[in-house]
Amino acid sequence: MDFPYLTTVIFLPVVAVVIIALLPQPKPKVIKFISALFTLAAFALSLVVFYLFDRSPGAIGQMQFVEKVPWISAINAFYHLGVDGLSLSLVVLTTLLGFLAVLVSWKIELRPREYFIWLLILETSLLGVFCSLDLVLFFLFWEVELVPMYFLISIWGTGRREYSAIKYVVYTLIGSALMLGGILVIYFTTGSLNMLELADLAPMTAVIPFAGIFFLLLFAFAVKLPVIPLHTWLPDAHTDAPTAVSVILAGVLLKMGGYGMIRLCVTIFPNVAVTCAPLLVILAVVNVLYGAAVTLRQKDLKRLIAYSSISHMGYVLLGIFALSQVSLVGATLQMFSHGIITGLLFALVGLVYDKSHERNLDRLGGLARQMPVIAVVFSVGGLAALGLPSTSGFAAEFITFVGCFTSTVVEGIRLYTILGVLGVVITAGYILWMLQRVFYSEPLEKFNGVPDADNVEKLCIFSFVAAIMAIGLYPAILTDVIRLGIMPIIKLIGS
Amino acid sequence: MSVSLEHYLILSALLFCIGLYGALSRRNTIVILMSIEIMLNAVNVALVAFSRYIVPLVLTGQVFALFVMVVAAAEVAVGLAIIIALYRSRETVDVEQADLMKG
Amino acid sequence: MSLKLELLTPELSLLIFALLVILLDLGIKQKKVLAGVSILGLLVSGGFVLTLWGRESASAFNGMFLVDPFALFFKLLFLIAAGLVILASQDYVSKFARFQGEYYALILISAIGMMLLATTGELISIYIALELSSISLYILTGFLKDPKSSEAGLKYLLLGAVASATLLYGMALVFGLTGKTRLTEIAQAIQTIPLTTLLDSPALLLGIILLACGFGFKIACVPFQMWVPDVYEGAPTPITAYLSVASKAAGFAVIARFFYTTFGVPDWLSLNWGILFASLSAITMTLGNVIAIAQTNIKRMLGYSSIAQAGYLMVGLAAVGVASMADTLGRSGLLFFLASYTLTNLGAFIAIIAISNKIDSDLIDDYTGMGSRAPLLALGLTLCLISLIGLPPTAGLIAKIYIFNAGVHYGLLWLVVIGVINSCISAYYYLGVVKVMWLGAPVSEEKVPSSWALRIVLALTCLGVLVLGIIPGKFVQIAETAVRIFTS
Amino acid sequence: MTVLDIVFWLLAVISIGAALAVVFLQNIFRAALFLVLCFFAVAGLFITLQADFLAVAQVLIYVGAISILIILAIMLTREMWRGNPGGRFQLPAFIIALGLFGVMVWAVINTSWQISAELPLVPTTAAIGSRLFGEGGLLLPLEIAAVLLLAAILGAIVLVREK
Amino acid sequence: MPHQVPWLIWLSPMFSFIIISLILRPFFNHHPKLSGYTTIAAIGISCFLSFWVLIEVLKAPGHRLEIPDIQWVVIEDGISIHLGLIVDALTAVMLIVVSVVSLLIQIYSQGYMHGDPGYPRYYAFMSLFTGFMLGLVMADNLVFLFLFWEGVGLCSYLLIGFWFHRPAAANAAKKAFIVTRLGDFGFLAAILFLFYHTGTFDIERLHSLAIAGTLAGTTLTWAALGIFSGAAGKSAQFPLHTWLPDAMEGPTPVSALIHAATMVAAGVFLVARFFPLFEHSKVALTIVAVIGAFTAIFAASMGLVMNDIKRVVAYSTISQLGYMMLGLGVSGVAVGIFHLFNHAFFKALLFLGAGSVNHATGTFDIREMGGLRRVMPWTYITFIIAALSLAGIYPLSGFWSKDEILIYSFKTQPFLFTLALITVFMTAFYIFRVVFVVFGGEYRGTKLAHHSEHKLHESPAVMVIPMVILAFFSAVSGWLNLTGNFGEFLGHGEARGLLEGFFGILGKPLPWLSLIVAGLGIYLAYAMYSTRRISPEAVGRTFVPLYTTLSRKYWFDELYERIFVGKTLVNGLFVGLEAFDTYAVDGSVNGIADKTIATGRALSRVQTGQLQLYGLFIAMGIVAITICFYFFG
């Protein structure tokens, strides 16, 4: 076995945690630098992995950078890591946002040591989820994320942070609880926990019907994604979380849901997925339209962005359960794209709030004069969110739409796709309305002297913009890789 | 009708239930303890009866009953000790007043 | 008849040390020595257990005293628990300075009782061993002799006596049906009785129910759980820890062995009590968790939590019942869960002992700001609570996966789903404590000191919790080995 | 109806009556005395069951030790004047006890007991001795019982002595 | 010709945008002029190359050049989206229009935007827009086209909202974007629909499929209508017309370039680009014609009563775009595009004129103007030329293309012809109303004190010269088709001699009819606003309901914004959904949580501390379990 790339990527943040924990009385600056350094290293290494990733046709359906060590032999569980196109894109997303989240947190002054420790652990858990090929390992990483999230929201959050934190935890726990049930049933039906071996499970007698297992798993992912009506933790958690956590939450955590749906629900139970797809597609459209409609009513800037995520993740759901190759590629790209776009938006909301101490849209206004850089970047982010071509938002949504519309698997998918497309118009509505309320019209006197972004912040938000534009202008960077991961899954559906 | 195992068992059950009723309905802790002793005696009746009717040649049941007596003695000793300790601190042996902890 | 003394060495050595402690207490001024001697006794006993580990299973006293990996596993567990409790008592014993010797001796004696409980295979011995451990614990519960402690002792004793009387009646019925007292013989005798359902022999049915009730009292399952919160609250905190961990484990040990050996065949019989435990399990965990939410006293809260945990453990028990004879999963799950739970709960109690001792309160609200007043203790407690919820990277998660594994395997998916949803509910109140400790502003800036002994114990338990959570492979294997004897 | 039967019925009535008296008598001291009576009756029942050694042990342990202990405790706690009042759960306790009794009777009657036709061993003392100490005997519980008594004594001392 | 050159046409302004935004704006902000020069240079290059391309296309067989593609993204095995350029006659014409008008307007803007703090931003956006617009006309597949399509929409948004601190501008920008996006929704749907049926995004491939009849029937109709919906949004056709008048909140050169000459015409271009599809669907084509004709008269009617000079011109633009649609609908690419071509010049000129007037007076309200012919002769003359061209007066450019539309519609759709003819009258009236009010009579400006201190003055040369050039084009651009060359170039035309073309038309009755109608319009305007023989106030009073209806724009804004978006959606349906979300969904979750906690409290009250109760539970448990077994065991 060569260099354990994935293990290194996953545990680099933990190394930083150990260092930070062991330093006696470290200065906040030191902590921040260590965190930044290690997350950057993880990002760099993930880029190396991305670069080394074999894109040749022979690599289709192959997990790469596989590491497999026996772990709990009694239940046949392995420390089994590996990436394919699907997970690789999300790994890169996670390391990128992990690094940027550290930058976003540069101004943290309250208990910085704990804060960065939790943030780094969070990153590790997310990376672990995307790299695990063993169900128990997957579940373990899946659950690890809860603890840091709880602390991060409830200590460093704002507003009703404790309520939001516990709500988030309980919601996720219920989901993962059912997922655990599903995983166990799978294990006992097949005796295997290996995600690769489980692909396209041949019909066999299980304790409960396959559809039951499918929905047990799906529920967990639906909570994360989130799918209406399991979504109400999201606005609360996003709104009350500290900025960097909102970034990660919206940027990566929601993707765990989409990833899980593709990796487990669709891959293991393709036939059930096909049967249930019509229902889920309808839910997806509801997500898109309902989410957008409710977004339009929000008065709190952060809450607005949060609700917009619900709408945007609807496209992911739509793409996944349209069950065509293109739609799945689109959905994955949409996950990536939404990650950086919403990440950026939350980072910017954080900046606006830090500087103006105001998040209520009714009391904001005219900030474009006082913070031009933020205004410009916010506009770019907003436009990307509404799917303007040349941004990643468009590439992702467009590919998703094309995939859905041409899907032959689901009955009536075209109508639903068109309805989904309609969501784009509402999106434009709330994004532009928001931009107008925050930045346009006459500058308000109370915001005089409010500073614009400083250099660290600029570095951070410009990185986001660069990523958005890069993917938008040339999505093939990712789609070529994602496709490799999606193709074998689609073959399952065909069969 | 000749006396049989069932008779002893029903007697035992009756004694057991009287003991139980006493343990659950009396307020005086010492009476409760006495009721529990009745319950243990009831069990002994059953044990000895079983010994007599089921395995008359092996005296396991009787030995069992013997051990029960020992345990009963120990239980009573400790129980009374605790009651006295409680009495010292609370000046009562009324079980209904022992409700410092609840909820 | 050969006594095979070497098989008895763990219990005997411990007994000797218990006596030694009592004797030393008479003459020695430096009471710390007593704790040392007790620990030494536990170590010696543990050493003997380890020498027996890996040998062929053997028995003494005509098969009444069984030395198999299952028993050894539990013996080790009790020894570890007793050791940790004694170490954790270091900051606590000042409250009853006069009786330290008796205190340690009783802990050792009750440990002996529990060890015997796990190791005996005969009705009378089981009964006496049960009483031995119980009576020692009644005494320890009332040890403080303040109103709360005495009240707790009284409640525990009276209810315990009623429960043991019912247990005894159950034993009597089983004895009456079979004429035997050794479990294996009973099992054989039952198979000769021509039965197709339990209703054919109501006495057997009643016997099983009464036994379940008597043992259920020990493990605190619904509806035999109501003593738990009151006793936990009133008892000296180290004893609460001991009760919640060792006593419960002993209960599970004896139930697993008793029911499995005695009522393991025929299958329908096994299924019957399997379903019984499954139903009780569902009610137990739900009730425990739901009521725990309402608690304001941390010991009471942990009391209800331990009821809930018993509920999870009973999933394993139910799986043992529902399972066919050939499989070990339910029992090994039970064992692993118990090991994990023991460490975790002890860890939590150790932290609580340290904190309550200083702030002189068990109210959760008084834990406000502990994160800054006693960061290490708070961290340890947090970790243990997280493990109790069943979140990674702690033992709790693996244990839950493992035990639910068994449940799912034997078609108890409904129970597992109830179980996992219960863990979600439990997050609410466990995290409530965490929240108070880390989020609230401290009432005072005063640090909460703790002795080195306590810190080390806490660190050890936390380490154990983490190790079991991250690399559980080895320990799962041990659990698997420990139950294999049943299959042969 | 044999003599044995008559004795049984007599003892049964006495024991039940005494037990009821224990529970219901308001004078707690008298209740204790009726407990002694009950124990005697049970000892008599043991004799009807050919358990002569046990009967003696019953008298010694229960009547001689336990009852005295209880009476001592009654004196110590000076609670005589309060009597033996009923608690708040009398009715439910009665119903439950009745229910349990019903269940038990149902179980006893509906079970086909494998009655052995052999005659019991008499006298039992030697047999009990060999059952305890002999080959295949119950030595283990005996040893545990010793420890149990030790623990109980220890506990009683600790609990009763002043702080 | 090297293949890369056409790419440079649209990339050159893009580079300009990047240079301005990444280098000039951050580092050379104290030299704002640099950005103007950069833009002008970049667009100059584009303009130059456009002419080159035109020449190449003219020379090329079949009037088209082959440009190699760049693979953008592979979406499925064998199916990939390419970025490629289509360079044919239509492209060439559009390139000329866009680059020339844009270049002139950039030059003009140096004067108009002088001293504005957002000067570099203005030029950055303008570059960006020009780049997108040039790309739009060249894109060879739907995705690429859509990219540019949205890109110009974005620039329109940014430039309308250029003075974002004015709430009206911000609102207008938002409105423009959303309304056009509504149209784009149809366009996007059509793209998906076409791809679903054909598996390709390639425009030429779609053409050939339509021509071959593979793509036909309802499929084709629906696709065409989807495309038209996009076109209608961009070109502000009824019922998506409401955004364009509001878009006048942007700087005037922006209105000239984007909202008159180029972007709004992109809708017309789009229909032209997909004309083979429309051609094969009678229904679609008819709908295009009807919508076009209706929009023409509908917008013109509102133009009659507006008092804001830019709004008059804006409604005129909508009306003229309707004309172009009508042209496409009744006759084909050549006619519609020919009008687009001519319109670009005179309409841009009208806007620049309006800008020039505004530069002098500081207002757009024609009631505040008057008598400007004396102080602003250049503006006056050029404006008159543009107005005459718009009114379709022989031999100015507008005449030629409008006449063709009238002729064709007369042949095929007599009813639409009637509408078009009435529109001619209105057009002439409203534009000359402006001319007479603004330039005739005496100066009436009172409001703007700071302007009255200065003398009114002619605009600087940098503004006037582009106007003059445009005036030249406005006058003569129509002559390009005298010989039928232009039409033939676009694939649809009959050759004739130059003189025959120029004078021969006067021999036919229809042109005379339109000339007379236009003349009447001008005369009426003259009578009402110059000589005051007819009192406009009296007319207004006579037709109060009509006047109100027109000046309130048929209440379409109210209908859309207040009733539909406001009352029905945002404050209606969405409120309901939000309430549902808060109270039903979240409420039930919180309710369950609260219930659980309350249950916990209640149950913990059972724990009374009475140990006998606990004992009761034990005994009860035994009985209950036995009973359960009895009944269920």
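Descriptive notes on the structure:
Which chain is which? They are A, B, C, D and E, in the order written, and residues in each are numbered from 1.
To be clear about the criterion, a contact is a pair of C-beta atoms (placed from the backbone, for glycine too) under 8 Å apart; a residue touches a chain by one contact, two chains touch by 3 or more.
Since this is a predicted model, take the numbers as computed values, not measurements.
The most distant chain from chain C, with centres taken as the mean of CA atoms, is E. Relative to chain D, the chain whose mean Cα position lies farthest away is E. The chain closest to the protein's centre is A, with centres computed as averages of CA atoms. The interface carrying the most C-beta pairs in contact is the one between chains B-D. For the pair chain C and chain D, the distance between C-alpha centroids works out to 31 Å.
Averaged C-alpha coordinates give centres for chain D and chain E that are 103 Å from one another. Taking the mean of the C-alpha atoms as each chain's centre, chain A and chain B sit 65 Å apart. The distance from the centre of chain B to the centre of chain E, each centre being the mean of the chain's C-alpha atoms, comes to 97 Å. In chain C, the residues touching two or more other chains are 124, 127-128, 131, 135, 138-139, 142, 145, 153-155, 158, 162, 173, 176, 179, 205-206, 229-230, 294-295, 425, 428. Residue positions of chain E touching 2 or more other chains, listed in rising order: 593, 604, 607, 609-613, 615-616, 619-620, 622, 626.
In chain D, 87-89, 92-93, 96-97, 100, 103-104, 108, 113-114, 116, 138, 141, 145, 148, 151-152, 155, 158-159 are the positions where the chain touches two or more neighbouring chains simultaneously. A list of each chain pair in contact follows: A-C, A-E, B-C, B-D, B-E, C-D, C-E, D-E. Of all the residues in chain D, the ones that touch chain C in their complex are 103-104, 106-108, 110-114, 116, 135-141, 144-145, 147-148, 150-152, 154-155, 157-159, 161, 163. Interface residues of chain C facing chain B in the complex, by the touch rule stated above, are 123-124, 127-128, 131, 135, 138-139, 142, 145-148, 150-155, 157-158, 161-162, 164-165, 168-169, 171-173, 175-176, 179-181, 229-230, 233-234, 294-295, 300. Those residues of chain E that touch chain A in the complex are listed here as 71-76, 143, 146-151, 154, 157, 161, 164-167, 169-171, 173-174, 177-178, 181-182, 185, 188-189, 192-193, 195-196, 565, 569-570, 573-575, 577-578, 581, 585-586, 589, 593. Taken in their complex, chain A has these residues touching chain E: 167, 170, 228-229, 231-232, 290, 293-294, 296-297, 325-326, 329, 366, 368-369, 383, 388-390, 394-395, 398-399, 401-403, 405-406, 414, 417-418, 421-422, 424-425, 428-429, 432-433, 436, 439-443, 474-476, 479-480, 483.
The touching residues of chain B, counted against chain E in their complex, run 20, 23-25, 95-96, 98-103.
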